[in-house]
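When the chains are written out, they are named A, B, C and D in that same order, and each has its own residue count from 1.
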Amino acid sequence: MTDQAQEAADWWATSIADIQPGEIRLRGYAIEDLIGTVSFPQMIWLMVNGELPSEDEAKLLELTLVAAVDHGPQAPSIAAARMAASCGLALNNAMATGVNLLGDVHGGAGQQCMEVLHELRAAVDAGESPTSAARSLVASYKSRNAFIPGFGHRFHPVDPRRDPLMHAIEHAARDGIVEGYFLEVALALEGVLAEGSKPIPMNVDGATATIYAELGLAPELARGLFVLSRSVGLLAHAREQQLDKVRIKGPLPKSIPITYTGPPPRTLPPGEPAGCCP
Amino acid sequence: MTDQAQEAADWWATSIADIQPGEIRLRGYAIEDLIGTVSFPQMIWLMVNGELPSEDEAKLLELTLVAAVDHGPQAPSIAAARMAASCGLALNNAMATGVNLLGDVHGGAGQQCMEVLHELRAAVDAGESPTSAARSLVASYKSRNAFIPGFGHRFHPVDPRRDPLMHAIEHAARDGIVEGYFLEVALALEGVLAEGSKPIPMNVDGATATIYAELGLAPELARGLFVLSRSVGLLAHAREQQLDKVRIKGPLPKSIPITYTGPPPRTLPPGEPAGCCP
Amino acid sequence: MTDQAQEAADWWATSIADIQPGEIRLRGYAIEDLIGTVSFPQMIWLMVNGELPSEDEAKLLELTLVAAVDHGPQAPSIAAARMAASCGLALNNAMATGVNLLGDVHGGAGQQCMEVLHELRAAVDAGESPTSAARSLVASYKSRNAFIPGFGHRFHPVDPRRDPLMHAIEHAARDGIVEGYFLEVALALEGVLAEGSKPIPMNVDGATATIYAELGLAPELARGLFVLSRSVGLLAHAREQQLDKVRIKGPLPKSIPITYTGPPPRTLPPGEPAGCCP
Amino acid sequence: MTDQAQEAADWWATSIADIQPGEIRLRGYAIEDLIGTVSFPQMIWLMVNGELPSEDEAKLLELTLVAAVDHGPQAPSIAAARMAASCGLALNNAMATGVNLLGDVHGGAGQQCMEVLHELRAAVDAGESPTSAARSLVASYKSRNAFIPGFGHRFHPVDPRRDPLMHAIEHAARDGIVEGYFLEVALALEGVLAEGSKPIPMNVDGATATIYAELGLAPELARGLFVLSRSVGLLAHAREQQLDKVRIKGPLPKSIPITYTGPPPRTLPPGEPAGCCP
C-alpha cells in the first residue's frame, strides 16, 4: 500500500480482531476454534481482557453477569426501552435507548466503587490499617454529603444479590483462586458503614466491584460488564412491550394528568415580538 | 390502592420481574437462587423466553452468542462506538451508539432469515417438497433483485462461522435434542443456492437463524440476541479506543481530504434572501 | 493522491460541505457569508434541500418548526430524555435518547401522511375526484382497521395547532406562493373524515405534511424536520430535569409499586439445571 | 385526585408545558398564539430560558445557530449518522446516533469555554486586570498540558466562523444591546493566546460561548444549543446517505484492509479451557 492508504489502514488499527476474507481471528484465535470450546463468559473475558481466563475466573465473572440482568420497569433504563418499543422501534434501537441511560448515576456505581477500593488499597499499602483507611474515607464522603458508591440502595434495605456474590468471592479467596487483596478493604469499608445507627450494607455494585477488582479488571470495565448484563433485561422488557398493544407509551396513564408549575395563561406582549412570519 | 394509583401500577405491569424491598424475583425465581446456579446463557434464555432451558438448549444458544461477538472496525457499529469513545463518551454511551446501528440491514438478517425459514416451512407443510419450496423462494427474490437474508457475505467468500454452528445443530437433530424441522428447509435452501454458477453459502446469520428456529425462539429475538453478542465486541473496541490518544476520531486520517461533489463556490444572490439578522 | 487514497476520499464524498483549512462552504456558500445573512430556517432549508428558499417558503417552514417543539412529559420522548438527565447524562446524550424514540409511531406520522397525500394526488391526476379518491383511501384504511396518519389525536379532540398551520398554507395558496396541489387532496380527505358520526380532524402532523408537500419536500424530511423541532422541547425538559434533585428517575414515584403479572414464587428444579458455577 | 395519584402527577411536574385536551400552552402562551408570531430562534429561547427574548437577543442567538450546522463527514458525529443511515435506520435514529457523539470532547467546548469566561470574570471582579487573569489561566492550562476550550482548531488555522460572530457581539456591545462584560475577558484571553510564537485564535465555540455568556445563558445550554444547530447537518447528511446505494458503510472502502496489531495466530491451549459446549 502507499503511504496514504497505509495511514488510513493504521487509523483504524486494532489488536482485537483480524478479519480477512474467509477468516476471523479474535485475539489471535480462529473463531471456528472458539465456537463450541469456550463459554460465553470466557469469550467476554477474552475480548475485553486480551487473554483467556481460567475456568474459575470465568465462573466468578459469570456470577456477576447473572446477578445484574434486571431491576424491573422502575429502573429508568428499562422504562425507556419499553417506551421506545411502544414507539415502534426495533429491538436494537430500544435496547440502545436503555443502554444509553446507564450513565454515571444509574450504571456507574460499580466503576466508582472499584476506584474507591483502589484508593483504600493504596492507603493500606502505605501503612494504614484497613479500618482506619475506611474510616477516613467515610468521613470524607460524609463531609461532602456524598454517597459511597456500592453501598446502600434506594429501594432495598438489604440487597439480596450481595450475599451470593460476596460468599463466592470469599470462598475464592479462601481457595487461593484470588488474593483477597481488595476483598480485605471492601469488608473493612462495609464494617465501618455498619457502625452507625443506620448501617449501609453493600449492594450489588459493591459486591461486583469487589469481584472485578480481585480479578484484576480495570474500573471502566465494571460499567461495560454491567451493560452486558443489564442488556438482557432490556431485551426481555422491550420484547414484552412489543407484544403489548399500547402505542406511544407515556410514563403515566391518561387518567393522571401531569402537574404544571409554570406561569399562568398569558398573552403575547402587543406588537412585541415583531411577527416573523405573518 | 385507589383506582387511579392502581391504574398507574398496572400501566407498567410486567411478567418478568417482581421487585419488592429486599426481594428480586425474575420469572418467579429468587435472584439469590439463580446466582451461582444458572449459567449466563441459561439466564438469558429464562429472561427472554420465560422458562429455564434444558442444558442442551442452553449450549446451542451459547454457541451463537460466542460466534457473533465481533467483526472488527470495518463494521459500522464497531467504528461508531470507537468514534464515540474518542469523543469522551462513557462506555455505556459508546456501546449504545453501536447497538443503535444494528438495524434492519446491519443486524436484522437473522430475524429476516427466521421469517424466511417459517415461510418455507409453511410451504412444505402445505405439501411442497423442501427443494421446490426453496426454488420458488429463490426465484421470487431474484425477480425482485433482493438478497436472501442469511446467505452470502459482503466480505467472506465462505463465512468461517457457518460450519461449527451448522455441525452443532445437525448433531443436535441427530441426537433428538431438536426436531430438525427448520434445519431441513435451511439445508434445502442452501442446496438450491449452491446450484448456480456462483454459489451463495450460508453465513453466520443463516446458521444462527436455523438454530434459533429449532429452539422455538421468536424471529424478533434473533436480532436481540445478536445485539447481546455483538455488545461484547462493542465493549472491547470502545475500551481499546479509550486507551488511545486520538480525540474526535473521524473516519479518515487528516492526510486524506474528503471529496466534495456539490456546487462550486458561489456568492449569495444580491439583496436576496433578505438579511434576517444584520 | 493514489488510487487507494482517492477511493478512501471518495468513500465519504458529499455534496453538502466542502471543508478546507480555514474554509467552510455549505452547498457552495462560504459560512462567513451565511452567518448574519440567512435566517436559521433558511439555513435548514439550504442544508436539506440544496438551494436557498424564497422568504415566503422559509416562513412556511418556520411555522411548522415553531408548532411542534413540545408536548410535555406525557410524550415518551420527553419522558425518556428527562429520565436520562436524572441518570447524570450530559444534555447531548439526553437529547439523543429522546430523538431516538421519535420512530414510526411517535414521530413518523408526518412522513406517512405525506405519502398518503402523494397517493391521493396520483389518483386525482389519473382522473378521480379528490373526494372519491379520499373515500376509497378511507375505506381501505377502515377495512384494515388502521389509523390514517395525520388525522385524529390520542389526546386532543381538536389539535390547536391545526388551524394556524392550515390557515397559513391556505393563505399561501391563495397568494400563489404555493400551488395548492396537495392542499386540495388534504382538505378533501379531512372532509371525508368529517362525514362519519365521529369526525376525525386533522392534527399537527397532517397540517405539517400538507405544508411540506406544497413546499416540494421529500416525505422522509417530514420526520427529520419534526426531529429538529421537537429537539427544542427535549433540550428544555432535559435541562429542567438537570436542575431537579431526583436521581435515577423511574416512571412512577416509589409509593406506587409496579404490578407483577408473572408466575408465582417458585424454586429451581432440583438438580436441574446443572449448576454452572458452584 | 387521591394522594397517591397526586404524587404520580407531581412526579412529572414541569414548568414548561401545560397540555390539556384541546390546549397546548408553552411557558404560559397558547401554541396558536405563538405559531406565526414568534420566530424559531425566539421559540427556542422561550423554551430553554422561560421568557421571550428581545428581537436583538433572538438575532444574536440565530447567528450562532446558523454558524454551527455542519463540519462535514470528517466530524465523527456526521460520519456516525451517515453509517447509521446506511444500516437502514430511520432519520430520527440516524440523527440520534450523531447527537449522542456530541459529548465533552466533540460538542462540549462551548460549555467549557463559558465556564472559563465565568472564571475569568470572577477574577476580574475580584480586582485583577483582564489580561493578568487571562495570563494566570493560560499558565495553569499550560502546566497541565491542557487545551483551553474555545481556542485553536484541529483543522482550521483560523476558524472562518470566528469573525462574523465576534463582530456581531462587539457591535451589540457598542450598541448597548449587551453589556460586554464577558466580551472583555474573552478578548483579553484571545490577546494573551496571541502573544506566543504560535498564536491560538478563537474558534466557533469560543465566539459562541462569548455570545451566550453575554446573553445570560447557562453554560450547559451552550452544548444543548450546539446540538440543535448541528442536528441540521446530521439531518442533511443522513438524508444524503439514504439516497446512496452503499449498505453497511464501514469507515474505509474494502480496498483498504484494517491494520491488525494483536497477537499472531494461535491455537487454544490443549484441554484448557474445558469445553463448555461440545
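For the reader, a short list of remarks on this structure follows.
The working rule: a contact is a pair of C-beta atoms (placed from the backbone, for glycine too) under 8 Å apart; a residue touches a chain by one contact, two chains touch by 3 or more.
Bear in mind that the values here come from a model prediction, so they are computed numbers and not experimental data.
With C-D and A-D as the two chain pairs, more C-beta contacts join C-D.
One simple way to say how far apart two chains are is to compare their mean CA positions; for subunit C and subunit D this gives 22 Å. Work out the mean CA point of subunit A and of subunit C, and you get 32 Å between them. Subunit A and subunit D have centres, each the mean of its CA atoms, that are 27 Å apart. Touching two or more other chains at once are residues 1, 4-5, 8, 10-12, 14-19, 30, 34, 36, 38-40, 62-63, 72-74, 79, 89, 93, 96-97, 100-104, 107-108, 155, 168, 249, 251-252, 256, 258, 276-277 of subunit B. In terms of which chains touch, the assembly is arranged so that all chains touch all other chains. Interface residues of subunit A facing subunit B in the complex, by the touch rule stated above, are 4, 7-8, 10-12, 14-19, 21-24, 26, 30-32, 34-36, 38-41, 43-44, 47-48, 62-63, 65-67, 69-74, 79, 82, 90-93, 95-97, 99-104, 107-108, 155-158, 160-161, 163-165, 168, 218, 220-221, 223-225, 227-228, 231-233, 235-240, 242, 249, 252-253, 255-256. Interface residues of subunit D facing subunit A in the complex, by the touch rule stated above, are 1, 5, 8-10, 12-20, 25, 27-30, 33-34, 36-40, 42, 50, 52-55, 58, 89, 93, 100, 251-252, 256-269, 273-278.
The touching residues of subunit A, when paired with subunit C in their complex, are 1-2, 4-5, 8, 59-60, 62-63, 72-77, 79-80, 83-84, 86-89, 93, 96-97, 100-108, 154-155, 168, 247-252, 254, 258, 276-277.
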